Structures are given as structure tokens and as C-alpha cells.
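Before we start, here is the structure in question, set down as C-alpha cells.
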Amino acid sequence: MKKLINSPESVVSDALAGMQALHPELLRVVRVDADNQIIVRADAPVRGKVGLISGGGSGHEPMHGGFVGYGMLDAACPGAVFTSPVPDQMLAATKAVDGGAGVLHIVKNYTGDVLNFEMAAELAEAEGIQVASIVTNDDVAVQDSLYTAGRRGVGVTVLLEKIVGGLAEGGASLAHVADLARKVNDHGRSMGMALTSCTVPAAGKPTFELPDDEMEIGIGIHGEPGRRRVKLAHASEVTEMLATPIIEDLGLKAGERVLAFVNGMGGTPLIELYVVASELAKILKSRDVTIARSLVGSYITSLEMAGCSITLLRLDDELTRYWDAPVHTPALRWGM
Amino acid sequence: MPITPEDTVRWIRRIAVVLHENREYLTQLDSPIGDGDHGINMDRGFKAVIDKLPTVANMDIGSILKTVGTTLVSTVGGASGPLYGTAFLRASMATSGKHELYEADVVHMLEAALEGVKARGKAQPGEKTMVDALTPALAAMKEAEQQNAGLARLLRRGSDAAEAGMKATIPLLATKGRASYLGERSVGHQDPGATSSWLMLKALADTCA
Amino acid sequence: MKKLINSPESVVSDALAGMQALHPELLRVVRVDADNQIIVRADAPVRGKVGLISGGGSGHEPMHGGFVGYGMLDAACPGAVFTSPVPDQMLAATKAVDGGAGVLHIVKNYTGDVLNFEMAAELAEAEGIQVASIVTNDDVAVQDSLYTAGRRGVGVTVLLEKIVGGLAEGGASLAHVADLARKVNDHGRSMGMALTSCTVPAAGKPTFELPDDEMEIGIGIHGEPGRRRVKLAHASEVTEMLATPIIEDLGLKAGERVLAFVNGMGGTPLIELYVVASELAKILKSRDVTIARSLVGSYITSLEMAGCSITLLRLDDELTRYWDAPVHTPALRWGM
Amino acid sequence: MPITPEDTVRWIRRIAVVLHENREYLTQLDSPIGDGDHGINMDRGFKAVIDKLPTVANMDIGSILKTVGTTLVSTVGGASGPLYGTAFLRASMATSGKHELYEADVVHMLEAALEGVKARGKAQPGEKTMVDALTPALAAMKEAEQQNAGLARLLRRGSDAAEAGMKATIPLLATKGRASYLGERSVGHQDPGATSSWLMLKALADTCA
């Protein structure tokens, strides 16, 4: 296992110490108990503002800790690598960011995340804090049916945290913030693929083996195998495999505008993401869909996995306005 | 002889040892159909439980199990944290104030735990989860209780049924948890949560043998 | 070779097409000839502003193309992967950005880059354009002696492009801009390491083999082997190996302020960079050096190489002011 | 028989073939002490040269070599682009207007090319670069000219000396170019640029054999 770490046990807390040391103006890392910490916006709680918290396993950096700051999240709860955080963290985060207007829990649809956030919400409400939850489920690789735990929450989560963060900054109510969160989730779809597996530090070896001439299509973000394994293909074909199900599921029509998010899984360099972006632009152009906004980079990752995901978000004026709103976090910054 | 608080503590300690020994195995089971952390999660949780045990060692069984449950909730994370946490919390409610557990108490305790898992996880038998180990275990214990088989035998039959249930998850198509994302690819693999459930029931049978 | 590309021949032009498609408001990609393109700021030439151009082999993304835009570069010349661009590109870029105030060539010290930029400057001057050059050489892994081609230009190049871009935006003269460029180069030092090699698409296999238990210390950014090969070590030790030579060479004293730049080589995920950042913060703290500004991420890369580099830039008010100045490029953005 | 424009074109075509055949080999040499692209660079450059050749095929030798030089500058990039580009441009100046090259002309041409490389690259013999193949080649050709060895033999001796010079780069410590970054680790490897220089001179000797 080749990693820049001190030990599998300390990787999360060491990385949090690094965030604290390099971004003291944006966030503070707060100890919840012996094993757990949370990342809280430097000026939290902001009076009268709905608090936004999210969380999930570590190993997806910059999500979520890298999105804590003005115009995005108020706190993030990092679990062990690929393991949902525990309710204690979510409760502590909820309390830390409640400025009296209630708290939105942004939860990616994985059984672990959902169950832990559920327990935390019960505990927070018992303490008199108003909590609303949005469960993101944008991954078209998984069928939302009785026979699955539902679609996974992936790339849309990042866009949602930004857009809803923009609204919350203006002092909107919890109900309004939760409504916009549902709208963003409804307007976006994603799909991902992997060229290589990744290695959970505590496990010490790759989660799955992938022959040199094969790739996984329809992966999540936890080093899980995907829906199917196929032979390596050109970027143009890979992009087609990801984009077509998204476009069809969203029912994108000629003349519509989207935010195109080409995301790296952690080990894929930017040059390859731009190759995928170029293929995606061709596909959208052929359908007369306009890329009105874009995001290219590794924002929701699976450790050092090589691969990418594509997220398309149908834009209207409201979503565009809050996407463009100022943001200042370690990983996303503009307008200030 | 009934199960005492001392037995309970020995049981929990044994679980911690067994899960630590099976850390790699459970993680390996979680790799093809999950995210390869189940053994790590359970080991982390029961390590924390062991640290907490001295504070409750002299209390009633319900109090011991409550500490196990809250500690698992607070330290395991993932799907198994809230599920096993809820299971032990429900078991603690079923054994609240008790210093002795007889056959019927054990059945009652497992029944409460299983109901907790099913409610929290919205899970039914046949979905390739821990429920598929716990459900036949409960049925076998109930039967043993009706047959007055005695506590040791009751626990052994429960453990054996859990093992069979665990093995029976192999051909199942997962419809809950991470494994459900794999669709047909989930078939042919043993569920890690069912496996840890069996290991815990086996630890109980071994403790009271 | 597992890469999201269409072919080794088309990887650079495909990626440029992706940049053009996703950032039309920031830049335009211009064809120089059959094989070569350049990336030019959307509104170039800006009248009265010194034009800043840089360039080098591709495979270091986002550098340099990702730094084209307001407050940073006016144009970038991407060569083939890891191969210096040709003078034709640099000449075309120089002409495209000359707003009458002259053009600064920002050149990393590699023989190929230096020689090609030299030829381009000769050609541009023959056409009556005023050209100044800065050759960055911040890599302390290489001794600057008669026995080497001199120190390589690495991480400081990114910081220099940002800081000097900030000054140029305000309308400073070419001489002033070149002076600040030299100052930034003098104030910064870097060193890098690799956990894995990388694969040049046209070569199809890793540039070097590195056993599972070894790493390279003192690498450049072209997949070259480093100064020495050592056994894997903890992040704390790796950080020490990189930071100490930098600190000593810079002669950093207690009470000074630095910009700390923890850079990923392309295949290393952010969580590991923050682990390194945390170790770096400890080392600097122990020497009473303050991290006044920071940059963490993969900004000057070697394709999918796993590894990192550290750059420290001694800050004063002038450098801090231009670092903080607004910038809007695909890869760096703030203040607007 | 002197070298004619037709010979020159055949020489350049032969270089293109040989460098294409040795693309992997040169790239491999460039991996341990460089960045693994020398074969790719040279192949790209001479492919472009071949495309341009028809436009100058009927001209004097200087014009042909000038086109080779400018094309290399415009297409190779890296260190070798400006260096070989300069070499051919200087060679073209030395052969400007000529339709026949005799022994002395060839020596003069190579001398100009080598001076160009040394000036552009600020390089001296012994630094583990292409200069270490070109310098002994020039010396050998000069000697052959003084001995009136004849053109074919002059070219062969030049090529052989380049090969020896190339091999002699193996034990050298690099002090120019990328390889110099490696310090002591550059020892024990053959310089890729010296190798391509030998291949080009060998192509000339083979063409005029």
C-alpha cells in the first residue's frame, strides 16, 4: 500500500489537522469524543441562518469538509474511511451550527448514512432543534426500485451543497431551504466508472481486482464494484456510456441548459477529465443542450481510484443564481 | 443455570475476541458485495465496548447491554452501527433490571433485537442481510424453548440455525444495503452482516456451553 | 495503459477541446498549425497590459492552460506530453497577447523549454515585440552548479504566474513585471517525491519501475526518476525530507511568514495531501514560521503519478497583496 | 562521386525510416535518465519533414537542409528540437546553393552543425549529450579527408566514430540536459541524443555506401 499517511488509524485525524492548520480562517476542527471530530465553519453558528450539515465516510475529499465555509456547508461530519459517521458527530454538528433557524441534514442515500443521520435527527429533535433532511439519490446506475436500497447519492450532492448554501446564506427559512434541496436533487443525475480499484488504508489492499484490459461501469464512491465490468474503451465510448443514461433519465430536451460536472475519482489527472469533458460537450451539442455552467475536477472521490463520473444538472434561473452566488470554502471559491 | 451478568460480560468479551479474529474475514466478505469495511467497523465498535465494560460490570444485564448498544451506535458507523446498536438497545430494554436470563428471557431478548433491526433497517427475511441469520436463529430458539431443550442446547441450536441462515444468503439477490447496488452480481456471495450475527450468537452459545 | 483518452495522438488536442467547450467565457483555443494549438485569454490582447505567457509539455494540468484568465496568464503553450512546445506556438502566443506593453515569457528551467522559448523570443523581437523572460528554478533537489543544467522550475511557477498576473493586471510596465517575477522566483523553493511512476500515453508503459516498498525523493515533473530511491516512510518523515532542504535553502527564520503550497502529482488524493499539510504545519510551527497563505491540491502534476511536492514562498506585503488579488481562471479563482 | 540533392533526399528519408524503427529504443534510452520521449520526439519531427520534402526535392542541398531544420524546430519540441533544428539550419548555411558535396564540403557541413549545437546548448564534449557523438565523428571525418580516404570511407569512419562516441557516453556523468538532474544516477546509461546522432550519420554513410 503506497500512501502518504502515518498510519491507517490516524489518516482521518491527521488530514483534519492539516485542514485546520491550512484554513484557519474558514473552519475549525472540533473534537466530539476520543475517536471523532467534526469540521465547523469558523463563524458558526450564524444567527438566523439555517445551518447546513453533511457528512459521510472519509476518502471522498474534498467532499464534505472541503465545502465548509461561507455560502456552502456550516459543518461536515467525517466518518472513518468509507464508513458513515456516527450519530454523535451529527448531533454535535447540528448543535454547533444551529443559529435558531433550524438545520438541514444533507444525506447521501446509503443505508449507513441514512440510518445514522436518522438517529441523529431523532436525538436533535429531542433536544428541541428543528431538523429537516434531504437524501440525495442521483446515481442512475442503480435502479430506484423495491429491489434496491434506492439510488445512491453521488455528484449532485456537491452541487446541492453549493446551491442550497447560496440560498441559506440569504436567510431563507428551513422549509424554503429544504424545498430547494429537493429541487436540486430532482434536477440532477449522475453516473460513474472506474479504471482501477482503490485501497482502504485499514484494509491495506485493493477492494477489488480489475484486469489491465477491463473497467467497471456504474460504480459508487466507496470502491464498490460497479453494475458491470466491460473491456476498456475510448473516452468517447466511456462518456457515451455515462452520459446517455443520465440524459434519458433526466429527459433532457433540445434547448435546455445544464450545469456539466465532470468529476475525477481521485487518481485520474485533469487532462483526462478534460478529454471526457470534450466528448460530453459533443454529445450535449448533438442534442442541442447548452452547457451553461461547468465544474471539472476531483470533488467527490474514492481515495486514489482512477475513473470519473458525470453529473448533469438541469438549470433554471433560480438554480443558476444560487450556483453563481459567492462561496468561500477550501475547495470551491468564487465571488469573494 | 441461567445467564448471569458475569456470563453476559464474558459473552461480550468473547464477541470482541471473535470479531477481532475475524476482522479480515468479514472485511473480505464485504469486498465483493460491499465496501470492504465490515470487519473493521465491528472490530472498532467492540474494542470501544471493551473499554466501557468495567463501568457496568456489576450492574444488571439490561444495563450491560444498553452500554453495548450505545457504544456501538457511537463508534461503529456504517449500516451495521445503527443496526447492531438498535439490536442491543432493544435487547437491553427486554432484559432491563434482570440479573438472570432463563430460556424464555433469551428468546424474548433476541426477538426484541431482531424487531429492532427490522424496524431500523426496514428489512425483511430474504433480502441478504443480518436478518437472514437472526430470523432462523430466533425460530430455532423458540422451538427449543417449547421442547424444554435447556439453555445450553437452546443457544447452540440458535447459533447453528444462524450459521445455516448465513450460508443460505449466498444464493440470494441482495435487495437491501450496499450489496443491492450490484443487482445480479450480488448472487453467489455470503452476506458479511449475516456472518457477524452468527459469530455473535455462536459466542453466546460457546460462553454458556 | 488505463487512461480516459481516445488515442495517445489526440490526448492533448482533445483535452484542449474540452477546455474550450467548458470555459468559453475564460479562454479560447487557437490553432497555430496542423499539430499545435495555444490557449489564449478570451479578451486578449488587453490594451496597455503586459502579456504573460507560459508553456511547457502537457501532462502537468492544470498548469499552464488552467491558469489562463483574468489576473493570471494571457496565454499558454501546451507541448506534447512532457515535451516542450515549439517556438511557433510561443511566437503565436506572444503576438496574440501583446497589447503594446510587451510580453513576459515565464519559462521553467528545463533545457527544452529554455531553448525553445529562446528561439521564440528571438523571432518575436525580430517582429518588433518587446519580450522579457523569467526562468523559474526553485527545485532544491537539484544543485545549481556547473555540473547540472541548473535547478528545475517547479511549484513556484504556479505561484509566480498568480502573483505576477496580479501586478500585470494593474497596468505595470514590462520591467516592473519582470522584476516582480524574479523576486517571486528568488523567494520560493520546492521539492517533490513520487510513490509511483506515470505512463506517457505515447509510450504506453510506466517511465520507471518502482518496487512496492520504495519511493523516489527529489523528482521533477516529467516522470523522471528522482535524486535517490528510498524505502517507503511515514508521511511525517516524507514531509521532513522535503521541507527541511527547502527551509534551509531559503534560510527561513523564526517570525517569518510563508505561503505553503502542498501539491499533488496527479494520482494522489486530497486526503493524503492534507496529511502532508498537517506534518508541514508542525515543522513550520516548531521553527516559529507562520503559514499566512496556503494552497493545497494538484496544480502542477505529472499525469497520474502518485506523490507530492512542497513549495514554500517567503511572503512580504507586496507578494501577499498580489497573491490575494482577484483571479478568474479554470483552476484558480477568487475575488470575482 | 559527390553527394547530390537526390542523395540528400534519400539520406533524409532514410533517417526518417531509421528513427521510426528506433522510436522505442530511443525512448527506452531516455527513460532511466530522461523523460522517455526522445524517440517519440524525433519520429514526430521526421514524419513532418517527410511531408515537407516534396516541396524542396528539386532544389539545392542547402535548401533541402533548411527545410529539415525549420521543420524540426517547428515540430520536435523538447531539447532535441532546437538543437537538431539549429544543426540542420547551420548545415544548410554551409551548403547553401550547392548541388554537389565533396569530402571537404561534408566536413565543413558537419563542423557547422556541431558548432550550432554547442552554441545553442552551451555544451562541451564530455557532458553526455549528442555533442559526444558528433565531436569524434567530425574528428574522424577530418582525418579521413586529410588522408584522401574518399567520400564513402569518410562517411563510414565518421559514423563509426559517432558510434564509439555514443558508447563512450555510458560511463559519463551527465552535466547538461535532463540527465544532469540525476547526478551520479546518470552514470551507466547511454545518452539518447548521442544515439540519434549516430543513427543519422550512419544513415548518411549507408545512403552513400
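Note that the chains take the letters A, B, C and D in the order they are written out, and that residue 1 is the start of every chain.
The definition used in the following text is that a residue touches a chain if its C-beta (ideal position, glycine included) is under 8 Å from a C-beta of that chain, and two chains touch if they have at least 3 such contacts.
Because the structure is predicted, anything quoted here is derived from the model rather than measured.
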By CA centroid distance, what chain is farthest from chain A?
D
Using mean CA coordinates as chain centres, what's the gap between chain A and chain D in Å?
55
Between chain A and chain B, what distance separates the C-alpha centroids? Give it in angstrom.
32
Between chain A and chain C, what is the separation of their C-alpha centroids in Å?
29
Provide the list of chain A residues touching at least two other chains, using ranges where the numbers run on.
none
Among the residues of chain D, which are close enough to touch at least two other chains?
none
When you draw the chains as points and link the ones that touch, which shape shows up: line, ring, star, complete, or other?
line
What's the complete list of touching chain pairs for this entry?
A-B, A-C, C-D
Over in the complex, which chain A residues touch chain C? Could you list them?
2-7, 11-12, 14-19, 21-23, 58-59, 61-62, 66, 195-196, 212, 215, 232, 234-236, 238, 260, 262, 266-279, 281, 291, 294, 296-298, 301, 303-304, 306-308, 328, 330-331, 333-336
In the complex, chain B touches chain A at residues 27, 31-32, 34-37, 40-41, 44, 48, 73-83, 85, 120-121, 173, 175-178, 180-183, 185
Applying the document's contact rule, which stretches of chain A touch chain B when the two form their complex?
33, 35, 57, 79-88, 110-112, 115-116, 118-119, 141-143, 146-149, 152, 200, 202-203, 207-208, 220, 222-225, 227-228
